[in-house]
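You will see subunit A twice below: alongside subunit B first, and alongside subunit C after that.
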Partner chain A sequence: MLSNIGISLVVLVLILSFLIIYTASLDLKTSNKVIKKNIYKLSLFQITFTVLSFFTLIIGFINSDFSLINVYENSHTAKPFFYKIAGTWGNHEGSLLLWVNILVIFSYLFLVFNHKHDKKFRLYTLIFQNILILGFLFFLLLNSNPFNSIYPIPLEGLGLNPILQDPALAIHPPLLYVGFVGCSIYFSAALASLLSDYGGRLFAQSIKIWVKISWVFQTLGIIVGSIWAYYELGWGGFWFWDPVENASLLPWFAITALMHSLIVLEKRNTLYHWVIILCLSTFTLSVTGTFLVRSGILNSVHTFASDPSRGIYILLFLSFMIFSALTIFFLKHKKETYNFNLRSRETFILSNNWFMAFFLVTVLIGMLYPIFLDVLTDEKISVGPPFFNIVIIPLVVPFMVLMAIGPKFGWIKSQKKIYNRILLLALNAIVINLLIFYFFGKYSLLSNLIFIAAIFLILYSILDIKKFFNNKNKTELPRIISHLGFGLLVFFIGLNHQFSLEEDFNLKVGEIKKINNYKINFEEIKIKESKNYKAVIGNFKLTNFDNNFVQYLNPEIRIYSNPETLTYEAAIKTKITSDFYLTMSNVSRSDYYNIKFQKKQFMIWIWISALMIALGGFMQLILKKNED
Partner chain B sequence: MKISIPKIIIFSFTIFLLSVFWLGLKINHNYDTKSLVGSKISKFYVTEINNENQYISEEDLKKNKYTLINFFASWCSPCRVEHRYLMSLSNQNKEIKIIGINFKDKKINANNFLKDLGNPYDFVGEDTDGKISISFGIYGIPESILVNNELIVIKKIIGPINQVQFNDILKSIQ
Partner chain C sequence: MLTKKVKNRILFLTFVFLLSIVALLFIIKSLNKNILYFSSPTEINQREDISFGKAMRVGGMVKKGSITINQKNIQFIVTDFENEILISYSGTVPNLFAEEKGVVAEGRLSDKNFFIADRILAKHDEKYMPPEIKEIIEKNAK
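Right after this comes the complex of A and B.
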């Protein structure tokens, strides 16, 4: 039953997309200044049916309707209600439906909220967006239909992978999808802008808000994914330069560059073609990332059951997107002359773009090189953290310095004298770094530079905040918060990297292990039965000799029943200055347990500063109204 | 559209990129090390655990009729379980040489391990970062590879050696 409803709704959306493209093309030829009413109506129907189809699937998951293959494969009656809902997008087919939903929602919102802008531009955007919608709808119907039915109806489902049953992971995909798929609207708008000659400042204004929305969601999505990895995977890290993480970073670099150069386009009416390139590449990179992950070319923790036919379809559509975009771009490209003064804000914003481009290319090479080598020479290698750390980290130093002083320069040509302040703050940063170096431990020259640059950026931002309270210039605050967040993030990651403690060892019940000034006592093992799993819980007593501080840590080994899986739950105690992190895993045919103990400095501050970066973007969205 | 060199470069690069992706789809990603049986081992070079100047390479294996390369570590409990089979193999059979590759271990712990349980190895190689083992196609320890004097892998045991596999090894080298 649900299967029929779902498929009918999707087919209706498909027909509506064709109708919208058709009527919009007709309307392009009329000389009316406003878009015809029936295009709005069609779009309204389209969004309604799309959202309904998604709710149909959610209902299937909530009611555990195993007549749908998708529900049967990814859900189970014993699963908690919250994870039943999350199961909707926790798999390839369901997430593709979510993907289509976001395409349609952004399409509709862009149409409705941009009524001030040129008609032709809006119609072209609508047409391109609907071509994208059609592409993904065909993919959904022909290859990855979440509404496929199964007969006879199974009595019980196979269940959702337990490591996905986590609150952070339940919201991670929707956040990322809004972020990545949201980019589609300015991909379409960029092509529309080229075709309708609606460029420059007005174009910047029309896409500004959508860029910010998708930036905030992408940033949050990446952070939440990282938090999940830290709490759930039990490796104690938060960023692994895993291919899929890299895939999510690529569009983020492009969109961050776009967000900055968009300001230049809006204020100075220049850099138009560069902005177009960034608009086009952001969504192209999102789809490339999706292709790499879903096709199974990349192996990582994000393995969807891979299927080559899926890969072929996405690749064909991706090629279609890239070649159409390139052709339209080259057809409409005009020479632009740039006339920037070295000491102006636009130059500094452009420097941000150079850094972003560099980071993007580095990550892209690191990600694609193993694929090339595998395909062309059959040699298997993997590019890991050392490569990215060596190439990217040194560049972060000048990047942070520019982040601090760039926004101080005025547009066109700045006359402000700020050298005294730079010197003073740099001196302060050096002194603070020396204090850390002297009192807490030694680290390399590069780390010294990183700390100095990070502290410099933090001090500069704090000074900016102080100024903000004096003259209340609202437009500056979001930027300050984001830049401060980035400075703090690098600073705390640096401290975390330098001063964390990690030890692996085997222990059995009753034994004691001493590490530096800590004593770990493995006191006992308990068994706990839960709704959908059985847990072996270890009880560890951690004592610090120095201050007789005592802490109990209880890592778990969970045996899930549906599907039968073993997961290791880390015991994590978060304190203001550090996290204690302990995982235990069983060693077969032995009384011993393998223990990994870590003391991770300033973990909570890493999350807080990362969230501050996103918060800055969010504030821009809210403060936007008052600014106009 | 006027054709210019940058345009040609961009288009060709895009086509190249997409074709690589296309070919990438056809590659089998289920890497199964069992398929290494019957193939020749790759070149290697491994130094002795307690003496950096002493080393062994694939050329040395050609001198032995059979060589069993065993990957172990002191922190690996199943390695303790299989150790007695390695001991009896080295005691019973002179046809076979056993090489131990110490995987991601501390030198002191490895030496204590061999002191406690006995040393069945004719040579103990050091692989602190695990790279040598990976080049042998090892993805977890213990693993053992039986190689003949032509450097062909005739047997690959993933996991600890048990009685059945012990007999298998004896049968293979007769």
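Right after this comes the complex of A and C.
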């Protein structure tokens, strides 16, 4: 029943996409200044049916309708209500439907909210966006249909992997999807802009808001994923250079570069082609990431059961996208003159793009090199986290310095004398760094430089905030918040890295372990029965000799029943200055428990500063609205 | 005679070009330093040119009944059903680490039969099998 409704709705959307493309191409030839009413109507129908199809699937999950293979494979009647809903997008087919939903929603919103812009440009955007929609709809129907039915109807589902049953992970995919798939609209708009000759400043204004929206969502999505990995995977860190994390970073670098160069295009009407390239590559990279993850070429934390046929379809579609985009670009691009003065804001913004390009290339090479080598020589290799750390971290130092002073330069040619201020703040940063170095411990030259650059950026941003309170120039504030957030992020990651304590050991119940000035007493274990799992809970007493501070930590080993899975729940106690983190595991039922203890400095501040970066982008969205 | 503007531009482009070459060389050099080669116990046994100091990965199945554990570390035997290697590890093991399950260990060889691991990888899906191990098993376990 639901299967038929769902498939009919999807087919309706498919037909509507064809109709929209057809009517839009007809409308292109007329000389009217406004878009025909029936295109709006068709788009409205399209968005309605798409959203309805998604709700149909959600209803299937809520009612545990196991006549749908997708529900059968990914849900279970005993699953909490909230995770039944979240299960809708916790699997490949459902998330693809979400993907199509976002494509359609952005297509509609772009059509409705850009009425000030050129008709031809809007129509072309609509056409390209609908070609994308068609591409993914065919993929959905032919290869990954969430509405496929199963007969006879099973009585019980297989259940959702328990590590995915988590609030952070329930919102992580939708956030990332809005971020990644939202890029599609300016992919289409970029091609439309080339074809309709609607470039420059106006083009920048038409896509600005969409770039910001998808940037905010991407940033938030990555942060939420990282928070989840921290407390759920039990690895005790927040970033692992895991192939999937890398895949999410690639479009983020591109979109961050785009967000910056878009300002130049809007204010100075230059860099048009570079902006187009960034628009095209952001979405291309999003799809590439999806391709690598879903096809099983990159295996990682994300365990969508992989299937090579998916990979082939996405790869074909991706090649088609890239090929047609490049063709249009080379046929339509025009000569552009660049006139940059070294001491101008645009040069500094461009330098942001160089860094982003460098980071992007690094991550891309680290990710793809093992795949190439495997194909070419059959040699199995992997690229470890040290590679990314060695290449990227040193570059963060000049990057932060430029981030601090860049926004101080005016457009075109700056006359302001700011060298005194730079010198003064740099001196302050060096002194603060030396104090940390002297009182709290020794670290390498590179770490020194990173701390100095981070503090420099923080001080600069704080001065900027002070200025903001004097003259209330609203447009600067979001930028300051984001840049300050980045400075703080690097600063706290640095402190976290330098001053954290980590120890792995094995203990029997009743034994005691001493680490520096801490004593860990493994007092007892308890068994707890819960609704859909059984837990072994350890009771650890942590004592600090110096101040007799006592803290109890209770990590768990959970045995879920459907599907039968073992998970470790870390015990995390968050304090303002540090997190205590303890995981416990058991190997082949021996008396020894395998324990990882960490005291992680300033963890909470890492999350807060990362969220500040996203907040800056969010404020831009809000403040912009007030101005209009 | 080139104008000053053209000259500046050429200078700038050369500079950018050289900079990107340097950046690329830097990336590739660090990449080569940080590659981890994957070997099966049989490959370790047979290869003559194996380097003992360098970080690498070893994978196979955890042999049944081979896991021993004490205060400091965990030891177990990894087998590809032809050859075996003893692995010693002090750290936390992932939740899918178990006897007769696939495992990948990252670390250094101390000799051809003994491997000191600093990281153990076993994936987060009960169905998942690292491709390297799947290949080994398909070859040997017939």
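The criterion applied here is as follows: the second predicted complex is superposed on the first by the 626 of 628 C-alpha atoms of A that agree within 3 Å, B and C clash if a C-alpha of one lies under 4 Å from a C-alpha of the other, contacts with A are read in each partner's own complex, and residues count from 1 in each chain.
What we mean here is this: a residue touches a chain if its C-beta (ideal position, glycine included) is under 8 Å from a C-beta of that chain, and two chains touch if they have at least 3 such contacts.
Treat the numbers as computed from the prediction; the structure is a model and nothing was measured.
With subunit A as the common reference, subunit B cannot sit beside subunit C without a clash. In the superposition on chain A, A:Leu623 contacts neither subunit B nor subunit C.
In the superposed model, A:Leu142 makes contact with neither subunit B nor subunit C.
Residue contacts after overlaying the shared chain place A:Ser585 against subunit C, while subunit B stays out of touching range.
In the superposition on chain A, A:Thr567 contacts subunit C only, with no contact to subunit B.
Judged by the touch definition given at the top, the superposed model places A:Leu326 against subunit B, while subunit C stays out of reach. Of the two partner chains, subunit C is the only one touched by A:Pro386; subunit B is not.
Once the two complexes are laid over each other on the shared chain, residue contacts for A:Asn506 go to subunit B and to subunit C alike. Of 20-28, 110-118 or 128-136, the segment of subunit B running into subunit C after the two structures are fitted on chain A is 128-136.
Shared interface residues of subunit A (contacting subunit B in one complex, subunit C in the other): 299, 380, 504-506, 587-588, 590, 592, 594. Of all residues in subunit B, those touching subunit A in their complex are 1, 7, 10-11, 14, 17-18, 20-27, 29, 31, 75, 77-78, 81. Subunit A makes touch with subunit C in their complex at residues 161, 163, 233-234, 299, 301, 303, 305, 358, 361-362, 365-366, 369, 379-384, 386-387, 390-391, 504-507, 563-568, 583, 585, 587-588, 590, 592, 594-596. Within the complex, the subunit A residues that touch subunit B are 291-292, 295-297, 299, 306, 308, 311-312, 315, 318-319, 322-323, 326-327, 330-331, 368, 371-372, 374-376, 380, 504-506, 587-590, 592, 594.
Contact residues of subunit C toward subunit A in the complex are 23-24, 26-28, 30-31, 33-38, 55, 57, 67, 69-74, 90-93, 95-99, 106, 123-128, 130-132.
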